[in-house]
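Below is one structure, written out as structure tokens; the observations come after it.
By written order: A, B and C. Residues from 1 in each chain.
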Amino acid sequence: MTTKINKATRHTSQNEGLIFEKSSPGKRAFELPPLDVPIVDANALLGAHHRHDGVEHFPEVSEIEVLRHFTRLSTWNYAIDLGMYPLGSCTMKYNPRVNEFVARLEGLATEHPYQPQELSQGCLKVLRLLERCLLEITGMDAITLQPAAGAQGELTGLLLIRAYLEKQGNARKKVLIPDSAHGTNPATAVIAGYEVENIKSESHGQIDVDKLRDLVTENVAALMITNPSTLGIFEQRIPEIAEILHAKGALLYMDGANMNALTGITRPGDFGVDVMHLNLHKTFSTPHGGGGPGTGPVAMKKFLEPFRPVPVLVEKEGGRLALDSNRADSIGRVKAFVGNFGLLVRALAYILAYGPGVRQATEDAVINANYIRKNLEGVFDLPYELPSMHEVVFSDAIQKKNGVNTMDIAKRLIDYGFHPYTTAFPLIVPGALMIEPTESESKEECDLFIEAMRAIAQEAAENPALVKSAPHTTRVRRLDEVGAARKPILRWKPTDKPEGRLHHAHKTPHPEPTPTV
Amino acid sequence: MAYPTEYRYTKEHEWVNVAGNVATVGITDYAQHELGDVVFVESPKVGSSVTAGKTFGTVESVKAVSEIYAPASGEVVEANPELQSNPEKINTDPHGAAWLVKIKLSNPSELAGLMDAAEYEAYVAEKQKEASA
Amino acid sequence: MRYLPKSPTERQEMLESIGAASAEELFSSIPERYRLTEPLKLPGPLSEAEIIQYFKERAAENSSGYASFLGAGVYNHLRSVITDVVIQRGEFLTSYTPYQAEITQGTLQAIFEFQTLMCQLTGQEVANASMYDGSTATTEAVLMAERLTGRRRVLVARSLHPEYRDVLRTYGRNCGSLLEELPYAKDGTLDVAALTRSLRGDVAAVVVQSPNFFGVIEETAELARLVKNSGALLVVAITEGVSLGLVKPPAEADIVAMEGQSFGLAPSYGGPFVGVIASRDKFVRQLPGRLAGETTDTEGRRGFVLTLATREQHIRREKATSNICTNQALCALAATVHLTLLGKEGLREMAQQNLSKAAFALGELEKIPAVRRAFAGPFFNEFTVELPRSVKLVNAQLLEEKIIGPFVLGTAYPELTKHALVCVTETTTRAQIEKLAVALRRILERPL
């Protein structure tokens, strides 16, 4: 390769097999303190037919091998800690380390969810303060912190709507979802017992308000809207959308995935939203951790409050806090216990670090997205021209002429030292490049990204084969996804050879763009 | 790949080959090409009944799921067992060895509206023109 | 602000490049009357030291200094510092879902190892990359069984964790599941006669927990035989995974749903934990959630990818097997590291210590004349005792002795207000057990 790459340089990475391949009987990585009570005969106590002598083929390795194994694996990952991670819709911002520190404090990490509430006032105060902060940020009246992730937040929100409408006498049949929505929205609506009706976006990528007016009947329970939309564009007619729904007794649900564009600037509760979820792992910096855990609190207007999942945090006389599970109209529990407390601690630590200054983070996120847009416009096709908020969506229309698609460009970006943007999403943009830099990137990092994207555009024009066969610098090249799906190998077996069960590539894979959100 | 003249074709890109009151159904070369490398086929159970225009199975690639619609109503008398272990057959021999099911027709007149090979070729050409526009 | 990497000059330069006079201008697409004119009323900004101080103060308002005999789905076990060292590596902590396989092989291989460990533990053939927690894994297992059987009736043991049953009800109400509860027998196991009566040809799944909520180990192999004859699927839930170090896994079950909190995750006031769902190979297409699979790259080297994604919401949208998008990757990684550290011998020894301490604790409590073992079925590290009076009242008095008493079964089972679910793990010391026995004896000797 002749291209000059300024951000990254290749270096050696360690090879490492599966941990099971290192196992040898008799090695130990963990020792327990001696037992201080008499040892019992497990056969006698459990019954011989219940008992086995340890888990077959479980690894037997030493401590240094465990540490090296996982450290080596870790070096094969890209991470926010290494550089810009511009995955649109995912809000890959800096995860402050003090959040990790406080979540592990003795007295917080050690607490049992069933311990007496008089011995849990510290935990409950954390929940209380976080509730208040999130209500202030969203402009809503009530909140539940229980949902385990964004998708479960969506479900909780729809169940609140369903319970409310049922109480009014009719749960209704349909949920309307724009074609630009994230795939969880329709999947969630079905689990909540609703039929899905898709609404096509109008030519600017906004909700088609006239069409909406036709579609909203007494059969519609709600519209699920993402705002800003997955195109990174604010739905400018959202107050009118809310009015149309409310006039027919339907509700407005907002997917808060893109709240990083609004925090401190505007509040969904003020512009007509009835219920929404937040992704604490996006806007509020809890770590993505390779794909979870998330947390999806749901904020709502007063009239939905009686339906909140149990337990509900309440204030008793003297300011004492308590969890109340005795709520007649509650939709029930959506998961065991109070919620992902450890993550709620991290989110609160994030909010406390900024205070009212969180507006600056939002401004910087929007500045970064627009700076990248400005500097790549023309180089990449911009299918929707309305102002961008925290992310910008290009298409591969220009590069496609040379046979280079969004996935190829994404893979080539890896060679330039960046994590790819989100490919092929939203679905309404063929060959989408969805770029969300977040506020955590410096001007210098944004400039390097722009430089890389411009260089790749040039390569796509002059040497498309180079882009199409990228990445060239990673430990593994493009992987055979077809072979993986045809003959799935989903676990290691003792009969496997050290190099794996497959010995040759099925064929040269040509991955098609796929939604990666 | 040529479209066999003895087959009939649907707008959902299935082919139908009728012998007596049994119709053999598969997906067309155009359909397999659009879908890409097929990794999985979900067939209906033998003995189950299918309704014209309703889906009765899926063909999947790595990134997409394509529903298969029954060209006519009837009872499934055979499902191609080969496709369970070698779904890639659909990519190599869509009009032959990779047939999906055989349906005992309950109302053969439902097949009346289907296209012949020439009409289907014209229909596909139109689709391809739309896609490149 | 320390998290923001821009100087005022740089901000200005960027705005100029964009062609905007101010940051405010970038928000012009938001109707003006909805734009905030005042700063949000939030506490802060706080420095790092102040943040630590705030949370230390909250921590001090909790239960430090108390001995606890609570389990009931959340267990206190030893954890190696190595686990935290690994999961705090930025390359794991600050990475996203491994969609770009070439630069996420670390996460993908770790998931593949997690899937393997979960299969080995549960005796099943396929496990996914993890679920939210045990309660939602159990619910997803039931929905999966409904899809596989095309049936809607679900028989749920009353001895399944009460909060898991709550979650099942919340989902079931809207998904159309018909849930019925099965009573427990005198020895604390599932009432097999009741099961036989209810088990007809329209049942999708039978759900039992083992060890069950009373701590009693179920005869899962026998239940599997019974259930199989009816064409229903047996779902076995496990809340205490450490039991699998000694207790045979429910290999005969069709689906296993497990809470993995015991594998290296702190109780953390209820989460985040890690759910496990494992099943048979032939059911893999109906398994919800992410899966990592082995494959090769263009040069024939072993690598891993997310696979069978056509089941999932981002492709199948409203026809997906589940609306779940995330897994609990970092928690699953913690479990993978923890179980690798423990290994075969460590897990077996940990289980042996739990069993020994629980047996010792039961022995100590049974020496108190008024205390009676409630269920004769075999147990692992939790058992139920009946007291001569309300457990709630007894626990209030135990608190005065700096003891957090056992779980009050009466909160979930109105017929068991005098029954206490005692949990003892390898972290409970002999001295703590003896202290509980002494305190309990003294309390029960006092008149009401």
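What we mean here is this: a contact is a pair of C-beta atoms (placed from the backbone, for glycine too) under 8 Å apart; a residue touches a chain by one contact, two chains touch by 3 or more.
The shown structure was predicted, so the numbers you read here are calculated from the model rather than taken from an experiment.
K.L.:
Of the chains shown, whose Cα mean is nearest the mean of all protein Cα atoms?
P.N.:
That would be A.
K.L.:
Looking at C-alpha means, what's the farthest chain from chain C?
P.N.:
Most distant chain from chain C: B.
K.L.:
Roughly how many whole angstrom separate the Cα centroids of chain A and chain B?
P.N.:
38
K.L.:
Would you kindly tell me how far, in whole Å, the mean C-alpha position of chain C lies from that of chain A?
P.N.:
20
K.L.:
I'd like to verify one number: the distance from the centre of chain B to the centre of chain C, where each centre is the average of its C-alpha atoms, in whole angstrom.
P.N.:
About 45 Å, centre to centre.
K.L.:
In chain A, which residues are in touch with two or more of the other chains?
P.N.:
If we look for residues of chain A contacting two or more partner chains, we find 481, 485, 514.
K.L.:
What parts of chain B, by residue number, touch at least two of the other chains?
P.N.:
40, 60-63
K.L.:
Which residues does chain C have that touch at least 2 chains other than itself?
P.N.:
Counting only residues that touch two or more other chains, chain C contributes 309-310, 315-316, 319.
K.L.:
Quick check: in the complex, which residue numbers of chain B touch chain C?
P.N.:
Result: residues 40, 42, 60-65 of chain B touch chain C.
K.L.:
Applying the document's contact rule, which stretches of chain A touch chain B when the two form their complex?
P.N.:
Going through chain A, the ones touching chain B are 481-482, 485-486, 511-512, 514.
K.L.:
For chain B, which residues count as touching chain A in their complex?
P.N.:
Result: residues 36-37, 39-40, 60-63, 87-88 of chain B touch chain A.
K.L.:
Considering only the defined contacts, which chain C positions touch chain B in the complex?
P.N.:
For chain C paired with chain B, touching residues are 285, 309-310, 315-316, 319.
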